[in-house]
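Each of the next two complexes has chain A plus one other chain: chain B in the first, chain C in the second.
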Partner chain A sequence: MREADRREGVWQFLTYTFLLAAVALTLVPIYWMVVAASLPQPAFLSYPPRFLPGTEFLANLDALQGRLDFLRSVGNSVLIAVVYTLLSMLLCSMAGFAFAKYEFRFKEPIFYGILATLVLPIQLLVIPLFLLMVRFGWTNTYQAIILPWAANPIGIFLMRQNMKKIPDALLESARMDGATEFQLFYRIALPTMKSSLAALAIILFLFQWNLFLYPLVVLQEESMYTIPVAFAQLVGFQRVYYDQIMVAATISILPIFALFLALQKQFVSGILAGSLKE
Partner chain B sequence: MAQITTDGLSKEYHSGDEAVVAVEDLDATIGDGEFLVLVGPSGCGKTTTLRCIAGLEDVTDGRILFGDRDMTDRRARNRDVAMVFQNYALYPHMNVRENMGFGLKLSTDMPAAEIDDRVESTAEMMGIEELLDQKPKELSGGQQQRVALGRAIVREPEVFLMDEPLSNLDAKLRAEMRTELQELQHELGVTTVYVTHDQTEAMAMGDRIAVMNDGVLQQVGTPEEVYRSPANEFVADFIGSPSINLFAADVERPARRDAAEGRGATLRGPGGFSYALDDASAVEDRDRVRVGVRPEDLRLVERGGNEATVTVTEHMGNENFLYLEMGGEELTARIDSSLRPEPGDSVRIEFDEEALYLFDPESGDAVKTKTDELGASVTEVR
Partner chain C sequence: MLALGGAAAVAGLGGCVGTGDPNAADDSAGDGGNDMAAKATGWAWDVAAKSLDLTDEPYEKRANGNADVTIEQYGHDALVDKFKSALLSGSGAPDFSILESVVAPSFIGTGGLRDLSDRISDAGLKSAFVSGKWEAITGEDGGVYALPWDIGPVGVFYRRDVYEAHGIDPSSIETWEQYVEAGRKLPDDVFMGNLPPNDLAGVWRMQFRQLGGEPFTADGAVNVHSEASVRVARHIRDLEEAGIVANMQSWSSSWFSAYGEGKIASLPAGAWMEGTLRDSLPKTSGKWGVYALPAFETGGNRATNWGGSNLCIPKQTDDAVANRAWDYVKFALSTPEMQNEMYEKYGIFPALKAAYDADLYGAKVDFFGGQRIRRIFAELSADIPGYRFTADTPEVTEAMGTHLQRMLDGKYGPKEAVTKAAEQVAERTDRDLA
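After this line comes the complex of A and B, so read on.
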């Protein structure tokens, strides 16, 4: 018995050591990013390296702002990502509801057709989409970044899988209570899907937040740049402005960090939901 | 309040190229304020029928009328029908008050205060006023059941539809709720269609019972009628617990002279079974029949009757169930608790001709049902 206990203890020690190492591996680059953002460029590149944060964060931000209006890019990114997330959540959950709970002709082929679009890489879509936006006269607009991705196949898939778990009797009961089909959706289906919606929100927000190549092609004016596009401007031919890049990077992860903290409880249960057949 | 009429109601499902008939040409009338129980084995079409009346299924053929209003193509939400589901289907994100008020909120323009009053008085009637602010997941099965019923009642609909609403409760609670539901229905006087696979529940609750099998309505009648005068062998077998004893027998006709003197025929069955009929009119032109005898109509006798071997004796306290074997056929007898033959014993069984059921061996239709004296008095009381 004692022997087993001891072995258990050793095993636990090893497990936690491994986990701590993994956490450190993840956190060190983030810490390093914050340190670098708060040091002047020469200090950051000096040897031996400095591991403590400095006081130059605001000065670096100032220098960054001098090169391009980064805070405006943050604003653009936030606006685009928020509008996109809300719009796409609505579309994905409506489509998911329809695929999960209604019977219509060609339902399966349409659904698998939508899923099949996942295999198309963004690189393949950029040029045709750009030409389309030119024809619409939408280059350099927010809608050009938001609308083409609004009906997100991953989002539709996720919502369909989760909406399938809503018991039919629940919807039928609401029908008997006098609900219209749209009322079924927003009074019964949506409120029971809170955790899936939180997961969906994070997935959609991240997708739009990280989108790079497409906005790079479609957005031509600096005032419209999103964060990833603005980043690209910081890597010059002559010199890489590490301090400014790190400031930009630090600022750019804050909204995601905040979103995840706010939704993490629902997110984790949302991801797990549907993993087991009940 | 409404009388419900189904006129040639049919429902087919299509799975692939195959059409599965769930309900076939169902004609039935459910009286205003009546409690009708639809009963039958699983897959017999009773739930489909209920769902057609509710408007949750499209009808393949035929019509559904409430009073003289054709409801066939009306949406569920426009039928003024409330349904209680087997698994209650309470809205998980709403508390009991919201659950109960939801229908009134959506289907009427009643002010919120009035809805609240109605919800509260119904909750009081159902004894769930303490639960009004709780969510469904905080309630026990029995409480959820009451909420589901309350949610149907509060709307004061024209018709109640109930799909096995008691089947998820434990036996004791089920028996309690059975009585309570009946009282409630009589008090409210709302036309009710109740689906169950449990014939005991059907017998106990229904003003009338509709027995279904394979999508076809077999018989509609009061519990006594379907029990005493089943339309066919299926109904006789399905209704009654323990089930009726059924076996095949040959009809042995007497010599012409005896027949002329009014002497009956003799039934000859398995294991040397023999029964002389006084009145042979039912078997006049038949060579073979199916014989049915209810377990409670079998008596143990000293002499005469037919011989059978006891296989199992079940002591129920107030009575004994005797399982017997007679020429390869298993029989059940319900006898007085003072009689306790042991397994392996040979006993003699007897029954009255009035209690005998006879069925056509091909069609299963009843050719003779119970004719003992109880029948007349029961119908008079009703």
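After this line comes the complex of A and C, so read on.
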């Protein structure tokens, strides 16, 4: 075996060992969550901890469903996050396109004004937004959760930065071929943005998926709860329902898991190849 | 609705139990007239919600089916955030809600709660509750914004089997010094107690109050660096340095399992801890006991309080609904039978003095190996010193938690820790230092 090959072999061994350790670090808590979800609470609290799955998953799910309709919350969260993500992707990329490729009055102040809203913490916005929703008669509705952040400043920023990379010549030649401005956006600009859009989708979906304080205040009925709001009901003052929490946590990572799997290809190819493929 | 309400008010006349003047709700509703709605909805968390559920049916029966009270159960932090937002925005609040004494002044400060003082005095309830309860729920304007519910007279919950196995006699532990000495008899892998890093402020407050400490002076200056506070901080450090305490987050899974397995032998806590232990560690039934908190010196005070709640009614609630809510709240909290059922089933210790006369307090409790623990708590409750909660109490909680932890980390000594905490509170709340 040549010296170079051997050195490469050692490197490969070290790399894989490191990667395996990283994978273990990532997976053990998830494994423990799934195991804990299948144990009765007393077994979960026993010492030393049990690392083999139990048989109580359905019983724990039953207890959870008895406390509140968690599966309905999962449905609410998925619906809200999907609609929000699609709508927000459209708005953010349109706004990003405008800021990147058009000249108009007050363009810079408007853009930086939008960016400036990022410094406002959600906690500060909750009560004014809630009052607004009360006035609209929108408390306890899906649109109250979806619309306020539909034009997401981070999304607009991200799309503007990426769309700046589209060559003006490309747009200009399409314009000469008679494309309308919307066609420029939809047929020329967007198709080059696949990997940015995938990243944006994940960012927006996670933002909405994790939103807690605002839905907590605006959603009045249990049947409207999103996952984080439902979760918060499981940590009482004197009791923490660990068995139910673990079941809820296990179920609630599934949609995120699915989203990552679905977008993985674009996400990774985007990172590897850059956002422009000519 | 109005017709129904009238009927319910009349029905109330016949079956009112132990609340003094049965007509009180009608007389006292000066701002709201005599109408009483049928429905009222209240918020509470886990054990508290279940306790109210016990009173729900007797109340509705008493009203001959003209009342419909619903209790909605929330998580603790979720309720606090949601309720405060609802009060601040003037919309979305329930008709009545649980209100913890420790945070009560900041909720009163929102201006979103109803002043119940007329209703309370009309019903003759002012002297019905232990005196220490009123301070936290009285506003700066002198109004009373809630009706007292439970208190948390502190005792040391201990694992009887662990103490016995290592020759510790709880009746010989009268001072903290003796507590530490007893702790030294335990093997290395068994701890005498626990200092929860997430609630050092709670541990501190309970002992500070035991010493008669006040976090604020009468004219509002910050006083958490008083001699009593230094003493408590020093004691907390001594516990840590003696190596007899664990450092587990309270209510974490490892905390539960340590008590379940007898790896930590004692748990100083409010009487309500009984409910938590029964519920989460059912297998340890019969293995627990209770004794009064050790004193700082021989013959010193052994009574203090940890926790406790009240029920309040928001301003935004319609007058007729508020009348119904008050009628229910009064029934649930000032009827000894109701209070004692909550205590027996869920460990919620009544603030209602008349409750302590019941036979329940002399009864043996199986979970505690047949010990008559309720009598202990009832006797302690008479000696609990008062305590000045303010809207800035949460700042005290945060400052003490931070600086006591730094003290335990060895960054500075007890006196410096409480002084830094006092300075932090004073600076953030714009108050003077005492």
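Rule of thumb we're sticking to: the second predicted complex is superposed on the first by the 244 of 278 C-alpha atoms of A that agree within 3 Å, B and C clash if a C-alpha of one lies under 4 Å from a C-alpha of the other, contacts with A are read in each partner's own complex, and residues count from 1 in each chain.
The rule is short, and it goes like this: a contact is a pair of C-beta atoms (placed from the backbone, for glycine too) under 8 Å apart; a residue touches a chain by one contact, two chains touch by 3 or more.
Just so it is clear, the model here is predicted, and its values are computed rather than measured.
In the superposed model, A:264 lies in contact with neither chain B nor chain C.
Using the contact criterion defined above for the overlaid structures, shared-chain residue A:117 touches neither chain B nor chain C, since it reaches no partner.
Of the two partner chains, neither chain B nor chain C is touched by A:12.
In the superposition on chain A, contact of A:192 is made with chain B only, not with chain C. Judged by the touch definition given at the top, the superposed model places A:223 against neither chain B nor chain C.
In the superposed pair of complexes, A:240 makes contact with chain C only, with no contact to chain B. One of chain B and chain C touches more residues of chain A, and that partner is C. Residue ranges of chain B in contact with chain A, taken from their complex: 54-56, 75-77, 81-83, 85-87, 89-93, 102-103, 106-107, 151, 155.
Remark: chain A residues 41-42, 44-47, 49, 67, 126-127, 130-131, 134, 139, 213, 216-217, 220, 229, 232-240, 242 touch chain C in the complex.
On the side of chain C, the complex with chain A involves touching residues 45-48, 73-78, 81-82, 85-86, 88-92, 251, 253-254, 256-258, 260-261, 263, 272-273, 275-276, 279-283. Within the complex formed with chain B, the residues of chain A that make contact are 167, 169-170, 172-180, 183, 188, 191-192, 194.
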